[in-house]
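In structure tokens below, several structures.
Here chain A shows up in two complexes: once beside chain B, once beside chain C.
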Partner chain A sequence: MDTPVLLIALPLLTAFSLGIIKIFSKKMVKVVTVISATVHLALIMSVVREAMQRPIVYHLGDWDNLLGISLVIDSFSAMMALLIGVLAYAVIIYSLVYVDFHELKYYVLSFLLIAGVMGMSLTGDLFNLYVFFEIVSITSYALVAIKEEKASFEGAFKYLVMGMLSGAFVLLAIILTYQVTGALNFAQVAANFGDAPMLVRQTIFVFFLIGFGTKFCLVPLHAWLPDVYCGAPASFNALSSGLVIKASLYAFIRIVYLLFGMTTGISQVMIYWGVLTFLVAHILAYQQESLKRLLGYSSIAQIGYIMLAIGLGTESGIIAGSYHLFNDGLMKATLFLGVGIFSYTVGASKIDDLKGLGFSMPKVSFAVVIATLAIIGLPPFNGFISKWLILQAAWETEYIVAAFFVPIGSLLSLGYYLKVIKALYSRAEGELEVKPIDWKLRVPTYVLSAACLVMGIIPNLSLALITNIPKFLLDSSNYINLLLGR
Partner chain B sequence: METTFLAIAVLFGLGLYIILTHQNLIKIAMGIGVMESAIILLFIIFSYRPGGTAPILDADAQAYDLIVDPIPQALSLTAIVIGAATTALMLALIIKIYNRYNTLYIDEIKKLKG
Partner chain C sequence: MRKFASLVVVVILSSLLMMTFLSLSTADYELSEHYINYGVEETKALNLVTAILFDYRAFDTLGEATVVFAVASTIAFLVPKRTASMISARFSIIMQQTTSLVIPFLFIIGAYIIAYGHISPGGGFAGGVILAVITILITVTFGIRYSDRQVRSRIKSFMESFGAMGFVLLGLLGMALGGNFLANANSHFNLGVPGDLISSGIIPHLNVMTGLKVAAGLSIMFNSLIKEE
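== the complex of A and B ==
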């Protein structure tokens, strides 16, 4: 079966054929987009179902597993693939109405972005990871600038400079790793990495941390994100916050567990840096007036929680962290899509502009409120369950300080998200004229916010997928044997 | 060998310094270019073996004692292509920014933004 490679190949093929299709018929572009996204989602579902039974290893071009590139789909990759499938489909449907600028370019870039993110989560080869990482970065820069406003060009340039720096550090780390292990395949790298001198290993860790950390917004390296989100279209914000940042974090987690293992030193770095990240981000988010900036800072904060949970290095910590990663993807996408609807219909971009919208657009506002409550961490939504699991895991491993700050962070986020809810449900001065909203904008938002509620009430749905993640992360020999086909 | 590594470190640091201190957008683009070249040079240095030959098997199939490592060379090609794509995108963005603000200096752009 060649389905695993199709997960990457299909969006790539769609991206490049859209331009040719447009020459023949302009109407076909959107039709092909929807068909391709639907097929892609179906393929992902079938692969994920297969991977839940047994992890899949796919050798590209039938090369020997040490020479060629392999795709590895264990539970963690399968979870990422599922998240990518759901979010990408929702965002593509949403874009059919939302995007009225440079349509063709937008779809080409989006499909390239999806292919890149998918590649990052499935690949079993270090350099292949870098190539997909750069595909994601370059398409992101272009997507930020696509609205051709002043803010979007500045955001894109800032993003580009930071992205180039992060790419340079990742590349440096990869070539150093190759030099000390003589391999690029994850399995061989992991097996040989222990022999490297301590100093080199520490250097490589720092380079990976800076490189990927710039992309997933560790706190001193986060400054680009709010500016970028301001000028970008809301549909890209949902993709970026839900997928791009998460894929970088995924790659970092994978590399840290495979190459270094969770030693006490690394564990403490990740835990306390995670705590610092979410505290600073929450405090900065509190001062924001602009909705997109607020959500941007909130995205950074959630990264902090995931870092903290993954850094614990225990089974419960990894489960909590990966569950929060999945949940945050859903919640952030809902919020950005909802905010996108507000800005598309009435041009609201600041918190004050939301006044009265709760009455004129009750259903969309309700969906946004659900996602807001979920991201604060109130029961019965999914955010509550994952934050509770994080708290519990931190308590068990006796990182009491870290555990203490998890509810503090929730309180802080309650502070600024309440401002949003309050603005939504306070009366505006004049009567608001709201034109009816197209179903293509509404339905993806509803579906994602319903997913937040369902995941909170029946967590077993996704926990079944997640319970196997620690098996391949904690004991890297499992992953190595899987990749080498032993 | 040590001097080569030193040269690469100096190039990398120079690129980083330009990015961090200069106001002109074109110069920032150049700084990024310098930094990338440093990394690509590092690739080549790592694959270099003194006295090694190119890793190509010919018809005589004579045994090679020493070959240079081909993998970093292949990787550096990929890295150069990625770098070229990003530089092109960056220059395109700079043109767009220049058309809007009629200046290339970050300070003045900030002033115009108000």
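== the complex of A and C ==
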């Protein structure tokens, strides 16, 4: 089948064509956007279904495995693709109403961003990964600044500086990897990497950790994120928290497992750094008054959980981590889209501004509350299941300290999310006048929030997707054989 | 004191990095050996760089072109729309006449480098930059108003989108002919004789598309950046 590459090519083609379409007819821009997003979602569904039965390898330009670039869709990539498809579609529909600034550029950049994230998750080539990483970074800077307010420029500039630094580290790591292995193809790199001297391998690991870590907000490197989220449009926040950060994390996980394997040293670094990340982020989130900053810190915290789970290096750990990655994408997108509705209709940006909205916008508030409870980790929502799995996996491998801090983290997040819920359902001083909310804003929020509930009640839905992930991560020879077609 | 502390940190870290570089091992580069030995035979492009850029790793090139596209469209909206007085000094007539004289030659060089990208050194990126120099020269010598009148920004963004779209469509052509995305040498194209202008399948066409895109993108960037409040 030819569909895998279309997952990347279609959004690219749409982004390039929008500029030409606008010259002929302004109305067509939105129509084409919606059609393309729908087709994209359908393609993703079909590819994911295919990949669940049998992993797909696609050779671009029909070159032999080693000569050209290949796309590899194993279960982990398929899960990322599914997450991208669902969130991107929801956000595009949401943007039809929400975005009233630089509309054309917004859609062009969004499609490029989606293509980039998709490329990062599907590619089986180290340099190709970097190319898509750059596309994602540049479109992200632009989308942060797109509202042209003071806060958004400040955020975009910080993001730009940090992003360039991280890009330099990643590129240097890739160059060093090429130097010692003579290949860029993941399989070949993984096969040759063991011969490299220890010092070089350590340096490469540190560079990848710092490079990608800046992007997915390991704690001392996280400072850009809250400022960026403050000035950005809510629809970008949802994409960023759900996809951009996650794609960097995905790339890091993929590289670590393929190149280094989960040795005890790396495992401990990831576990304790993860614990540190979510503790610090939770404590910082507790002091925030701005909603977007609070959600930003909460995003950082969830990255910590995923790091911890993946770092365990066991089958249950990987399942728990990847499941949490998927769930966090859904929950964060719901929250950001909900908060976006609040700021779009009544201009609420602080927690105090939410007072009374629970009564004047009952359905949207309810959707937000569901996602809040899910992210705290209360049953019966999806967040509970993935956090429980993380706790269990940490307990099994006898990282008792890490396991102990997982519920502590949930407790801390209960503290600050309760403030949000309390504000929503407390009486406002004056009467709030609420305009009717367009369905394009409401429906994506409802759907994503319903997904949080459904995935919590029927976890088998997604567990079927992720049970095979450890097979290709834990034993890198499986992945190598898959890519080399052995 | 803080400067001293940072200096110490920098020295320590860079010496660690130097140690890494000194202990670097060299792998056997089978991959590049293969490109060098079989590149011309397989792609029929005499210029190996182009062969790698537009055939073996054409997907990377599509990504790089997308980066240029994204940057150009970002700069175009981020920079203020107002056309302020150029920072220009007034140039004498000699400068203006020379510029007008040089432009046709520049155009020919740029077009040559793009069209012969698969035979001699050059290609879409290099040729596109030379084409962009034309509009940059016009902007610098005659001012931005005149430059924008000569090559309207709408036309430039059309060219840019067209070039980028063309790249993807040429890639899809490979799929339509029963191969994979961006299939060239392994597809059913008649590759021709190495050294001919019309040879090596879609490589020259990809070069033209990239050239258009880079030329338009760079001149959009330059003209947007030179406007100031």
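The rule is simple: the second predicted complex is superposed on the first by the 486 of 486 C-alpha atoms of A that agree within 3 Å, B and C clash if a C-alpha of one lies under 4 Å from a C-alpha of the other, contacts with A are read in each partner's own complex, and residues count from 1 in each chain.
The rule is short, and it goes like this: a residue touches a chain if its C-beta (ideal position, glycine included) is under 8 Å from a C-beta of that chain, and two chains touch if they have at least 3 such contacts.
All figures in this text were calculated on a predicted structure; none of them were measured in a lab.
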{"item": "Superposed partners chain B and chain C on chain A - clash or fit", "value": "fit"}
{"item": "Partner contacting more residues of chain A (chain B vs chain C)", "value": "C"}
{"item": "Partner chain(s) touched by A:D62 [first = chain B, second = chain C, both, neither]", "value": "second"}
{"item": "Partner chain(s) touched by A:E154 [first = chain B, second = chain C, both, neither]", "value": "first"}
{"item": "Touched partner set for A:I23, first chain B, second chain C, both or neither", "value": "second"}
{"item": "Partner chain in contact with A:L109 - chain B first, chain C second, else both or neither", "value": "second"}
{"item": "First, second, both or neither for A:F127, with chain B first and chain C second", "value": "both"}
{"item": "Touching partner for A:A145 - first (chain B), second (chain C), both, neither", "value": "both"}
{"item": "Touching partner for A:A168 - first (chain B), second (chain C), both, neither", "value": "first"}
{"item": "First, second, both or neither for A:E315, with chain B first and chain C second", "value": "neither"}
{"item": "First (chain B), second (chain C), both or neither touched by A:L199", "value": "second"}
{"item": "Once both complexes are placed on the shared chain, angle at chain A toward chain B and chain C, C-alpha, multiple of 10 degrees", "value": "30"}
{"item": "After superposition on chain A, the shortest CA separation from chain B to chain C (Å)", "value": "5"}
{"item": "Doubly contacted residues of chain A, that is, touched by chain B and again by chain C", "value": "127, 131, 134, 138, 141-142, 145, 148, 179, 184"}
{"item": "Complex contacts: residues of chain B adjacent to chain A", "value": "16, 19, 25, 28, 32, 35-36, 39, 42-43, 46, 71-72, 75, 78-79, 82, 85-86, 89-90, 93-94, 96-97, 100, 109, 113"}
{"item": "Residues of chain A that touch chain C when the two form their complex", "value": "2, 5, 9, 12-13, 15-20, 23, 58-63, 66-69, 102, 105, 108-109, 112, 115-116, 119, 125, 127-128, 131-132, 134-135, 138-139, 141-142, 145-146, 148, 176, 179-184, 188, 192, 195-197, 199-200, 203"}
{"item": "Residues of chain C touching chain A in the complex", "value": "16-17, 19-20, 23-32, 34-35, 55-60, 62-64, 66-67, 69-71, 73-74, 76-78, 154, 157-158, 160-162, 164-165, 168-169, 171-172, 174-175, 179-187"}
{"item": "Chain A residues within the chain B interface of the complex", "value": "127, 131, 134, 137-138, 141-142, 145, 148, 150, 153-154, 156-157, 160-161, 163-165, 167-168, 171-172, 175, 178-179, 184"}
